[in-house]
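Two complexes follow with subunit A in common, the first pairing it with subunit B and the second with subunit C.
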Partner chain A sequence: MPAEIKSKVKQVEFSENSYLKKAKSFFEEAALVTMFCGRFFKELVKPPYEFAEFIKQAYLVGYKSFPLVATTGFIMGLVLTIQSRPTLATFGAESWLPAMVAVSIVREIGPVITALIFAGKVGSGIGAELASMKVTEQIDAMEVAGINPFKYIVVTRVMAATLMLPILVIAADAIALYGSYIGVNLKGDVSFHLFFLKVFEKLTFADVFPATIKTVFFGFAVGIISCYKGYNSNKGTEGVGLSANSAVVMGSLTIFIMDMIAVQITSLFSK
Partner chain B sequence: MKKTTGNKIKLGIFVTSSIVLLIAGIYFIGEKGQLFNNTFLISGVFKDISGLQVGNNVRFSGINVGIIDNIEQITDSTVRVDMIIDEGSRKFMKKNAKAIVGSDGLMGNKIVVIAPGTPGKKQLVDGDFIETIQPISIDDILAKLKVTADHSALITGDISAISGEIRAGRGTIGKLLMDSTFAEHVEETIINIKQGAGGFKQNMNAASKNVLLRGFFKKKKKGEDKKKK
Partner chain C sequence: MKAETIKAEVAHLNKSFGSNKVLLDMNFKIREGENLVVLGKSGSGKSVLIKCLIGLIEPDEGEIFLLGENVQDLEREALNILRKKVGFLFQSAALYDSKTVKENLEFHLRGSKTKSKEEIDQLVLEALQNVGLEEAIDKMPSELSGGMKKRVGLARALMLKPELILYDEPTTGLDPITSKEISRLILDVQKKYNTASIIITHDIECARITANRMIILKDGKAFIEGTYKELSESGDEWVSSFFK
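Right, the complex of A and B next:
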């Protein structure tokens, strides 16, 4: 066989192997994440409960993220109102601005943007923290000291992320609506009372409940993915950066996928 | 230890505030749906509800007093609409109040508008059926508009034909406006009338001086003078 053909055959074999390897590692990763989730639920219900650590994590994950989420929420409401006004003004429907912005924020923009900000701040933090603990063998040290590291580190953080994100989203929605009120009043004169009457005139339980419920899943996804990436980190100090990075990327992607599924389920039930 | 307690308090305030906001939101949305108010139920049977949906508003004297609770098709041409109405409005709603399906502005949602009944009548009670007025649908308006447009097209066609005839100089008006010979004849006739009128005036002057008719003209003049005085 000539040398050229040999090299081409080798290239084809190599690319086939590479795709196979990628597919194999993807399914392996999926299985490991599922097992990680299973272990999380097992450890969650099994006493003892690390309540003090959970409160500490809730403070770090929730309260400490509030300023960032509040600023983002305010800008979100303000900008959405300013950008929507010209289109509505074309139809002479500026009075619909509060209701339209409220539905957009509560149903979609509030939960998704807040979850993405949360994935960026909290996901990377947890990923990097757990990875550095793994690299510096602190997790092994815990096991030696008789502490269940999974329960102490993973369960508390995932639970904190799961319960704090909905709380952050509610706060972000309220602040975004206030930003929208400011936006409406930049070129108009609408009283605070009238603005909120208009907001609640169009909002229904079908807007609020699915949006709040999906944030619980977003929080869980961010928590579990970042913990998994950090807990299973390797490659030394280089792995710390990789874990933080992949926690944010995977977390953000999962939020979008879950949001798409949530919208489909919501529309299925609202028919 | 102090720091931990402080953090716990901060977290507690943050969580409580957010939960209060959520509860307030749920309350305002629920209040709109008459969830926390005393209400009573009335129903109306419509032939066409024009896209009315459960949750749409019920309006009385321009005020939102309730919502649509249920819509049910009862026969092939009738739909029953159940409405939950705020108890506070009951005293103004009489037995002969009428309901009509309307629209909230040009692009707005469908609503049910209740027209108040006669003041002396009894109040509506829970479970009452109220009279309904069939709304004029857009389809009806369009159908009538089509008839009007068809008639307009026919009239425009007729006017066009008439103006064509006039332009061609046919018919009385056409000849009057477009035929130069006809105009000359009319001019000649007017000249003849003018000449005839001059001759007639001379004849009448001569007649007034005639012996036989002089008395009649004098009497006539005297009568006219008396009237002037």
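Right, the complex of A and C next:
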């Protein structure tokens, strides 16, 4: 076989091997995350319960994220209103602006954008914190002291993320609607009462309920992925950065995938 | 020697990571009130040995008895109970970053329903007095020097009045003066509480101060065993190189 063909064959074999390796490592990772989830549920129901640490984490994850989420929500509502107005004005449908923005924010933009911000702030924080605890042997220190580090560190953080994200999303939606009200009034004169009358005229339980339920899953995904990445970190200090980074990347991607599935399920029930 | 005075026993311990054989047929015993120093070059398996002892790493073969119980046979709950009777000082001290010195010490007493708040406060104070750091009680670990962190780590290890203390490189990363202080502290703890200690180190000065008996590891095996004096006078060139 000529040398040129041999080298081409080698290149093909090499790329096939690397794809196989990537596929294998993806499935291995998926299996490990599933096992990690299994352990989470097992430890969640088993006493003793770490209520004090859960409250502390809920404060850190929820309350401390509120200013960022509130600012983002306000800008989201304001910008969406300003950007949508010209298009609606073309069709003479400016009066639909509050309802359209409300449905967009409550059903889709509010939950997804807030969850992504949450993944960025909380996911990276948890990933880096746990990885750093692992590198500096703090997790081992708990283990040798007879304390279950999984229950103390992972269960409390995942529960805090799962329960705090829906609350943050509801708050972000409300602030985004207020931002939208400001946006409407930049080039018009609509009273607060009329704006929210229009909003709640179009918003139904079917808009609010599925959107809120999916944020519980988003919060769980962010919590469990960031904890998994941090708890299983290695490679020393380099691993801390890698864990934080991959917690955000994997968390954000999972949010989009879950959102796609949630939309399909919601549309099935709305038919 | 009475059987009940044996605080830890390792028999035919083997551990490999892939093809890398880290520990090969390790055997030793440690008695009440005795300081056993395990000396060896970096990468000789010292830290793996100490982590096998406390159940952080599972050995491939062999048996480990701590305070009379076979570590491998214990369920998680029973292992946790045993671990509360054993103190562990980590190489990095492993203090919890988000907690003050007081909270770090109290944390290891969690779930102790038999102790009141006042008793816990008293225990914290006593542990800090033992290491001469009462004034650092409300400081965060980030405000402490390397030597202070090690002392707080030692105070934390002493909180539950352990029968056995495991020291993983207690003087690594410290200047010679602080290293001596930590070594003397280890000796004080042994005298005050009559604890048995296994001290993993490559610091010969620490070994000289603390050791009642020493084991030198070579290629995962216990190469030689004896007192500091016996080993320092050994005719073996490799062993002598530690004492130069």
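The definition used in the following text is that the second predicted complex is superposed on the first by the 259 of 271 C-alpha atoms of A that agree within 3 Å, B and C clash if a C-alpha of one lies under 4 Å from a C-alpha of the other, contacts with A are read in each partner's own complex, and residues count from 1 in each chain.
Methods note: a contact is a pair of C-beta atoms (placed from the backbone, for glycine too) under 8 Å apart; a residue touches a chain by one contact, two chains touch by 3 or more.
Because the structure is a prediction, the values reported are computed rather than measured.
According to the contact criterion defined above, which of subunit B and subunit C contacts more residues of subunit A?
The larger set of subunit A residues in touch belongs to B.
Thinking of the overlay built on chain A, is A:140 touched by subunit B (first), by subunit C (second), by both, or by neither?
Touch status of A:140: second partner only.
Mind working out whether A:63 is in touch with subunit B, subunit C, both or neither, as first, second, both or neither?
So A:63 only meets subunit B here.
Under the contact rule defined above, give the subunit A residues that sit at the interface with subunit B and also at the interface with subunit C.
none
What part of subunit C is in contact with subunit A in the complex they form?
For this pair, the touching residues of subunit C are 51, 54, 56, 79-84, 86, 88, 90-92, 94-97, 107-108, 110-111.
Within their complex, state which residues of subunit B touch subunit A.
Touch residues, subunit B against subunit A: 4, 7-8, 10-11, 14-15, 17-19, 21-22, 25-26, 28-30, 32-33, 55, 107.
Okay, in this complex, where on subunit A does subunit B touch?
It comes out as residues 55-56, 58-59, 62-63, 66, 91, 93, 167-168, 170-171, 174, 196, 200-201, 203-205, 208, 212.
Any idea which subunit A residues touch subunit C in the complex?
48, 132-133, 136-138, 140-141, 143-148
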